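Multiple structures are listed underneath, in structure tokens.
Each of the next two complexes has subunit A plus one other chain: subunit B in the first, subunit C in the second.
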Partner chain A sequence: MSDEALLSVRGLRTTFRRDGAEPLTAVDGVSFDVRRGQALAIVGESGSGKSVTMRSVMGILPRTARITGGQALFGGRDLLAIGDKELRKVRGRDIAMVFQSAMEAMNPTLTLERQLTEHLLWHGLCTKAEARQRAVRALGDVGIPDPEKRIRTYPFQLSGGMRQRAMIAMAMVTEPALLIADEPTTAVDVTVQRQILDLLAELKNRGTGVIMITHDLGVARYFCDDAVVMYAGRVVERAPMGRLLDDPRHPYSVGLLGSGVEVGGRDLPLRPIPGSPPDLSRRPEGCPFHPRCARAELPRCATEQEILTIGPGRDAACWKVAVDA
Partner chain B sequence: MTATEGVEAAGEAAVVGTVGDPEPIERGTTARGPWARAWSRFRKHRLAFGSLVFCAFLIVIALAAPLIAPYGYEETDIQHKLAGPGSAGHLLGTDLLGRDILSRLIYGLQTALTVAFGAELTALALALAIGLLAGYLGGRVEQLLMAFTDVMYAFPSYLFAVVMVTVLGRSIFALVVAIGIASWVTQARLVRAQVMTLKEREYVEAARSMGAKGTTIAIRYILPNAIGPILVTTSFAIPAAIAAEAGLALLGLGVQPPTPSWGAMISEGSRYLLAAPHMLVAPAVLFALTLLAFTWIGDGLRDAFDPSGEQR
Partner chain C sequence: MPDELVRASSVTKIFRTRAGEVRAVDDVSLTVHRGETLGLVGESGSGKSTMARLMMGLQTPTSGSVSFDGRDLGTLPARELRELRPRMQMVFQNPYGSLLPHFSAIGNVMEPLRLHDRGSKESRRAKALELLDLVGINTGHAELYPRQFSGGQQQRIAIARALALEPDLLVCDEPTSSLDVSIQAQILDLFTDLRNRLGLSFLFISHNLAVVERLADRVAVMNKGQLVEESTTENLFRAPQDPYTQQLLSAVLPIRQD
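Coming up: the complex of A and B.
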């Protein structure tokens, strides 16, 4: 297992075109690394830009979006620069994605066999007969009983938990190096949640790099090694998972932990962060969190935001953390 | 079968519908695709299913017209002009020239169905091509295609038909083109609207994330999921096309006589309403029944593809 980053994103910036208005910056200078066999949690509220970040890297943004800066190095190539045709060969083969709801993410008109083998064939990874075998094996691997029989069914014929696992099998059948899971447990029951997380943890142990997009620190805690906290399109804190939970530094991270019902087995008093995330078209100047921040000090917080390194693999976008230290 | 196998089988049967099984085999394990489910719902719709049988019967008659029709459509029986139904070997009587009405109805059915299916297949092909392209590609292509569609939409369709028939002559081909072009517009708009909703669906994004090409997504992921509503409108468009053909015939723009057309027969019959009511009644009744049957099929299809019935 090498320490070298599997995917290394630097200064990513994505904007959305709007009719009759300035483009909207949804992702603003985001950087992070994922290593082989490691899991990174990208944590943030809805609208914080976490999904747009990963869709930018995958090149599956909506038509109105444009990547205006940054790099995403993967296997020695910049995914943001290689063009859609080359990127399409990477998608599904080297980097795969798992979505929030398998019900939504699987084509209701295709059998599992079709959905699990098609991309193997698109990428020319094997013959049709081999593809079927690999698909059956992948279904078995995610714990679907009787995969030989199940492969002939349609998604709606499976229970919610099985469907979610089938979707993971769909992503894993090509044996990608990196798996991006976008809120994979949000739409499922608690019992199923646990199964899904165990499954992802097992993949990680086999050497797959995992990026988990989530708003739930409790889920991230379960198996992520590192965490990136996003707010209003920017990274506000980057830290090893355990450190973030024990000792969050950025006031937003502190607030996020305080608003979780139960994190790390400790019962913290529930303190919601006052206010609501900013409308990205009216992002506050300086640190975007300062209008909601209890520790904000004007005018400095409203004019600048600097990223401070506060330890190994740790930094926070708040000048106050330097004062704390 | 051994005793244990029997017990297992019984146990399995009992499991269906029980609560508490963590991974129930939902809705059986047989691969019943969306099409099979739509079909089974359609079959439960008695009126629609009956109509389908009736229309299938009509299609068979139209195809086998020369074998079934007792006379040729031009054949005149000069001795028995305007004969009443059942007289002189003419089941539905004869018309002004002594032509057998039943035979003319059967050949007229051929005309009606050829025009209707031809026109609607043309319309469907055009609508699918333009709607898919516009909806999927978006941007400039969409603006251009939809502007074209809007222009066509604003064009009065009967006027267009008159122009087509004038240019191409009074032939079945001209009618297919005229009616087809008049009805593709609404279809294209529907296809585009469907595509626009479907392309935002997560499984389309998932397909992109797996490396699918644009054409693959359009054909394998969007089209099959859009086909239900499109099929429904097409099935409603067929009776409309039959009526359009009859309407044009009434205006004297139908197929060239003596090729029989229901519209022309109704128009002729209405002129001799008092003297020979059978000339009007027979084609009018058959015309109405056919339109009803096709419309009921559409009703059944709509219910069969109704997304609210999807979850059962």
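Coming up: the complex of A and C.
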């Protein structure tokens, strides 16, 4: 574990209770580090466990979920062990979140002022007058014109792009050490996307560490420094961002890159991964990707999977890749 | 012109809302030729979905006209319009929302055949099985219900249903936007395959430029209800003329750096 890590997650395991069946393991032994002023991309398809991982760290899981193992060290404390009361002091102050849909993440019945000052006041960080000033400044910082006036409006009175900015302002206002952004640009138009990413980059420049959950590899490349790739609840590859995209190693990462379409890539053949991700209640033994993997070698791939170092700053959960390296 | 399958001539669609009039589509002319894939791109609110509904005759334009195979959809008697309907079909963004949840996969695919009184029950079954196989659904799963399939498989079933009446035109409105990348690639391959095998014409709507570049022969760009540029795919991506198209293309974030 490096000293510079802002958040260090080790062996996180989260299960969901089900009626009349074994609990479902949604996150299975996930580990990663986030550094100050750096962005980590968590890349994966739906059902890969990206969001459950972050919700576990933040303590905002649904009631049927249970964390059954692991640590999440943040400022010398294990977020998974400190309990809800302590976690509430961290959440919204030291760790903030930005979601895919500001319409759903914001309270439609409260003005921006109420929502932007809420964290500051609840955590007792400043007086009401100061909170208002800081909220206005945050709205201005994210490029909302006439913030003095806009702070009195409700979320629905803003356009989609402006609402996304307001949500970022809400996350920024307490100057958090860590920002978790769950698909922050998926619901906005491409021409707005880069503006949103540039705003988040501003935060990164001020030293905030960012975890960005995304399925958009172009967004990940533009914004993130490092990446972990998740599949069926596990980390399958960990690498510096550019290295992952230019030279993916785990067969799933290779498949993901081969499936991605890109402008200018019209003549490149598509190489879709056959089949679909497993139903978590029937996760294949060993490496969960092996039934779809062209390189799978039985019986070994169907019995074991461990994360192996394959190069500087690079790990892959595939023994065959480790042999290549 | 026999080469033209659908033609929209200077169509405008105005919606009246409490906040006033919204000019969703503003004097747009578009043509899909036989066997061609026309890509329609634009951001949310650009009017591309309204344009699709106008070209399908699902909504009537405030002014202007749409003709399908030389016949004006606006003046056609209802009975004749009904005869044209099977020849144009739609595939939507959300496959689960577009399938009948209480019908099995094969039931969904058979339904349009039943509604249009095509063949006997046995021949409809046989045809539906053939279509499910064509789109890559294991026919052993034909009796399962939509919710028992993954999103990608649901979209395949929706495509099989859209093909049941052997349409000339398939209008696809963001058909891969709710799918994961690895599944999106499979569906894109399926569209290419169907076009080659069945000679279908496509109106393919997407905000995803890479997807449109891959499938379309020609591309039309809409912004705020207006058509700002229309060109062959190659020209549009190589040398976009309109400032808005240029802005759209320059906003794309590359994945690979070569």
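Here is the rule we go by: the second predicted complex is superposed on the first by the 316 of 325 C-alpha atoms of A that agree within 3 Å, B and C clash if a C-alpha of one lies under 4 Å from a C-alpha of the other, contacts with A are read in each partner's own complex, and residues count from 1 in each chain.
By our rule, a residue touches a chain if its C-beta (ideal position, glycine included) is under 8 Å from a C-beta of that chain, and two chains touch if they have at least 3 such contacts.
Quick caveat: nothing in here was measured; it's all calculated off a predicted structure.
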Which superposed partner A:Gln193 touches (first subunit B, second subunit C, both, neither): second
Partner chain in contact with A:Asp246 - subunit B first, subunit C second, else both or neither: second
Looking at A:Ile273, would you say it contacts subunit B, subunit C, both, or neither? Reply first, second, both or neither. second
Could you say whether A:Glu130 touches subunit B, subunit C, both of them, or neither, answering first, second, both or neither? neither
With the two complexes superposed on chain A, say which partner A:Glu304 touches: subunit B (first), subunit C (second), both, or neither. neither
Under the stated touch criterion, which partner chain does A:Glu285 make contact with: subunit B (first), subunit C (second), both, or neither? neither
According to the stated criteria, A:Glu86 is in contact with first (subunit B), second (subunit C), both, or neither; which is it? neither
First, second, both or neither for A:Ser259, with subunit B first and subunit C second: second
Can you give me the overlap between the subunit B contact set and the subunit C contact set on subunit A? 191
Which subunit A residues qualify as touching subunit B in the complex? 58, 60, 63, 88-93, 96-97, 99-101, 104-111, 118-119, 122-123, 145, 149-150, 152-154, 156-159, 161-162, 167, 170-171, 191
Can you name the residues of subunit B that touch subunit A in the complex? 22-24, 26-29, 31-34, 138-139, 201-203, 205-213, 216, 220-221, 224-225
Where on subunit A is subunit C touching in the complex? 45-46, 160, 189-191, 193-194, 215-219, 221-222, 242, 245-246, 255-266, 270-273, 276-277
Per the touch rule, the subunit C residues reaching subunit A in their complex are 43-44, 150-153, 180-186, 188-189, 207-211, 213-214, 233, 237, 247-249, 251-257
